[in-house]
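Structure, as structure tokens:
First chain written, first letter: the chains are A, B, C and D, and each begins at residue 1.
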């Protein structure tokens, strides 16, 4: 029997629509490095989705790369980036930000969210410290939408963050590796247009949202990153065959595919969540998007290992573990049903 | 009328065999970050082609990235990489090596080739200099096969370089962005097995040789780059969906596809070269691989611009320019014939 | 009236013995970059004090510089340095470590001390994490003796740290910016010989201990830092007139001057501490060396500002502040008596 | 017999006037990090000498450090610094600039001088290259006054460089490690005031001009380097006891000491040069400042080795060598006479 794969949202290839388009265009010769017509078309569609013609759009290969390239491009040498302590840049990027010479300045997060008041408090304390000239200057704020824990910033929270950033003259950057799963979420009230208005730069995730590669960096505050093309090249992040990312995003932003893929994942996640609730599984905490964190006793976990591929998250206590189930654009009806049967079997009466 | 594209070897998508394999495997769920079965199969085939089981193989996205990741991983902070002054790392990577903190130490090249005696002379002079402790230590030698000018290192030359490297205890690295066009060349006498034996690390180019993305880094001197996986992640170079590169290389190294693609390009290049010779075009210098450099008077160039897309290389004199025609695995019979007609038309009686 | 200076241990020039020696030798011509006879003599005396002939000794200008040069020289690119969250490298060096590309991995400290069990726990958790290949590898442990809070590692604690480091194959480094104030302390049971045996590299502080400039880096694990001279130059840390540091350390390590200067500071600190205790001042916590941290109500602080220069540390609560008094080799009898009078005046009955 | 020291201008301690002032002020307590009254006084005197109140002045320890801190602070990540191929930053700083992530872009120099037309030609060719977005952007121009070969930029040449820089919007930086020997030179027509007007930032050398440590960075284009204090700290270049550099420069800029020290060196150099000429020694090329380069046959050199300490420069041919004699503020009458006797003895009839 094949296992059930709920480990992540990057375990399958790409949305069939993208594969088809790659096929159709395969032998069309175009110029390299993202200067081709597919990239240009994708840029136009993204600008339209973001509600502004005045945006620079660049395509990069992956999330850690996008974070390192954007953050190092924005920061001056003496500056660091402020992030929640659970931020991807703070923990799971192997020091990619530090490798570019910059410190990640962490603020205690709340279920993955960097609260505006926590940011405010951090910045106030920083500038109150008589030694702050001997310390890394906060030069940028990093958040993820959805967060690494699948939670969402509300519009109000994002506005509050923006205000704090404005008060201190600090740009705001959003890591949107899983953006499709935010946009398609019924609880979400932050559209791409609002993201564009409320941030200086953000990226729309492709790799975890239906593309086989690619993140689209959207820059509204253009003067922040002069010569960004050269910066991308310098990071080894310039795709010679930019067409791959271009065609992917052009397809994702045609006929609402991007949100449709997100919605599919969220429907499957919702089914699973409902089943978990009905069968009295313990949530680590509830999340509205495609990542579900549950606390499982270790004996059950051992049995689950036989049939399900999930993500190990962290120990909960001596006898329990936090694990993650993730759905994606590719999660099948069949696998979902099979997982639900297991949820029933191992549920708590 | 459509233009004729001879600008580069990365203007089309990917070899149809790869596209088919991507299609067939698209919905198979696998683990991320190059730990999947496709990557593992590709590794085994590359090891077989290189004649050794004892090789580490990693897949990266592009050439500048591969160079920056490998070179910075091998060098200690106080070391630089020695390259021909025409080396890709010395000129056209936007300072990607310097961005990792290392100097590129240039030695005058000979039509793109770093000659062993020039290297020897450089190293002798370096260590003879009483101030060499105040200078960047040569910590690695970088060459390209084929070179940036389409020329080839012979086995004998490579052995001579290896000996100099051994005398000074310096690792040798080969950038094989266009390796297919070396391997398939009748003048070439350096196989993958010999490359493996004579170097510490090299990469087999995918992007310019039939894949849409991907370079395979082959490491025989494994102790040079401990924790290379983490290093790749730190550079933002780890592909979440490693399957893309894995499937590409698995296909390229099945049934001799890699060399077959190379051979196609060389046959087309040879046809073009023959026509250029017959029609008395001036070669910048002769090359045996898929890149052809010719000197064209500027008036002719203006007319060519109407119908051909080529690469501008450099000014030759006030009235002439060096341009490059490149063929690839995708160059069609039809386009080659059309180019040959132009070659006749603009030839020198 | 002149103010009383108890702000730091670097507010006066240099020990008169050093000044005299600079005078006597001023016109002797010597070679540059630390290759002179004064540096060589200082090296020999430091080796003798450390109980080993087999030590490399280099002189740098200041503490942040010494930390950045040593730590970046020891670490490979994919590694970070583990430190207490109060460590100087973690907070007050303006990101000097991150600037060299490395993350500072923090562990909760205990009054400035990195406890061996906390380190053990951190390392265990790190290697237990299934994603640790995606994280910065712990490549070195950093501690300060005395700590940034004036506390001391006991010999037993240092041995315990060493054992944890050995278990994980991680080098141990000690920042000894204020080493004189440890060595001269009656509570201290860690001599230079033991430091040499228990660590891989440490530095003996000059700037805060009687020299006007200079820190002596002592390396017992020589293979850790090949080409260290070139590394120093690369950091812009090589003193052309190395004689300044050489003469300073040669003098400090002649006739026990270094410890004598330390002892003077500790005697003054002990007088002040006794007075604070007798007059019921509130210690932030007790420390045995030359730094004294007290909690002062803000009204008193305002009055103290008139006559004393101290160091502001951090807010304690809404109405109280933590401040630091520091003594040094230069603290006079007269100033100490004057401070004691203030301590009586503002004491709590 | 003691040897004659003409190896460099950093072989003695410091001008006696500085030593006296260090003595007088030794026990005055002041604040750290260059915020003290001595530094402030030095800053005021330097501003006066440079003819502008509107200058930021910072004190660093040495030349390589000053270059690395200033250049990395001015450049954005994607930029490099343009220098003559003989520039100190290009060769003898162990890759200090590359360590900060930036390439040194070299232009062929003329006896150490970067000619304005050579710079113009370089910049024109750079922007004419269709691939310049894939290359390091020229972000700053570096020159040395006097140059590494003891030659001088005339006012006219400096103005011409300034114009090229202005045309391309690139800041101009001058390394003045040996500035005293330019200012005191009769051939020199560039005063500190003109340097201030014609450049964006430069430094006035202390270490090679009478101080035991210290370079004064003078910034007229202040917006180039925001948060420069933090940048200095981040480089480990902030002197805790800034007083050392402050007192040194305060003394050097009192009663014309700086130029007086320079003049002394030049008088001695002129005596030596005259003697060399009269005795038909071969100059490598003539220089007007304190560095004298002569071509010596290797047999003579062997005999000179017995009595003189000079600097080996480079091989001239198989039987001759280029060496350097340098004078300084400390060169004695006695040693000069002794050297002149040797010059006569080994002269060519």
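FYI, contacts are C-beta pairs under 8 Å (C-beta built on N, C-alpha and C of every residue); 3 or more make two chains touch, one makes a residue touch a chain.
The shown structure was predicted, so the numbers you read here are calculated from the model rather than taken from an experiment.
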item: Furthest chain, CA centroid comparison against chain C; value: B
item: Of C-D and A-D, whichever chain pair has more C-beta contact pairs; value: C-D
item: Inter-chain centre distance, chain B versus chain D - centres from mean C-alpha coordinates, in Å; value: 42
item: Cα-centroid distance, chain C relative to chain D, in whole angstrom; value: 34
item: Chain A-chain D separation of Cα centroids, rounded to whole Å; value: 50
item: Junction residues of chain C - those touching two or more other chains; value: 77-78, 93-95, 99-101, 133-136, 230-231, 233-234, 238
item: Chain A to chain B touching residues, read off their complex; value: 5, 7-8, 10-14, 16, 19, 22-23, 25-32, 61-69, 93-96, 99, 207-208, 212-213, 230-231, 233-241, 243-244, 309, 330
item: Chain A partner contacts - residues on chain C that touch it in the complex; value: 77-78, 80, 91-95, 98-104, 130-131, 133-136, 312
item: For the chain A and chain D complex, residues of the former touching the latter; value: 72-73, 76-78, 100-101, 133-137, 226-227, 229-231, 233-234, 238
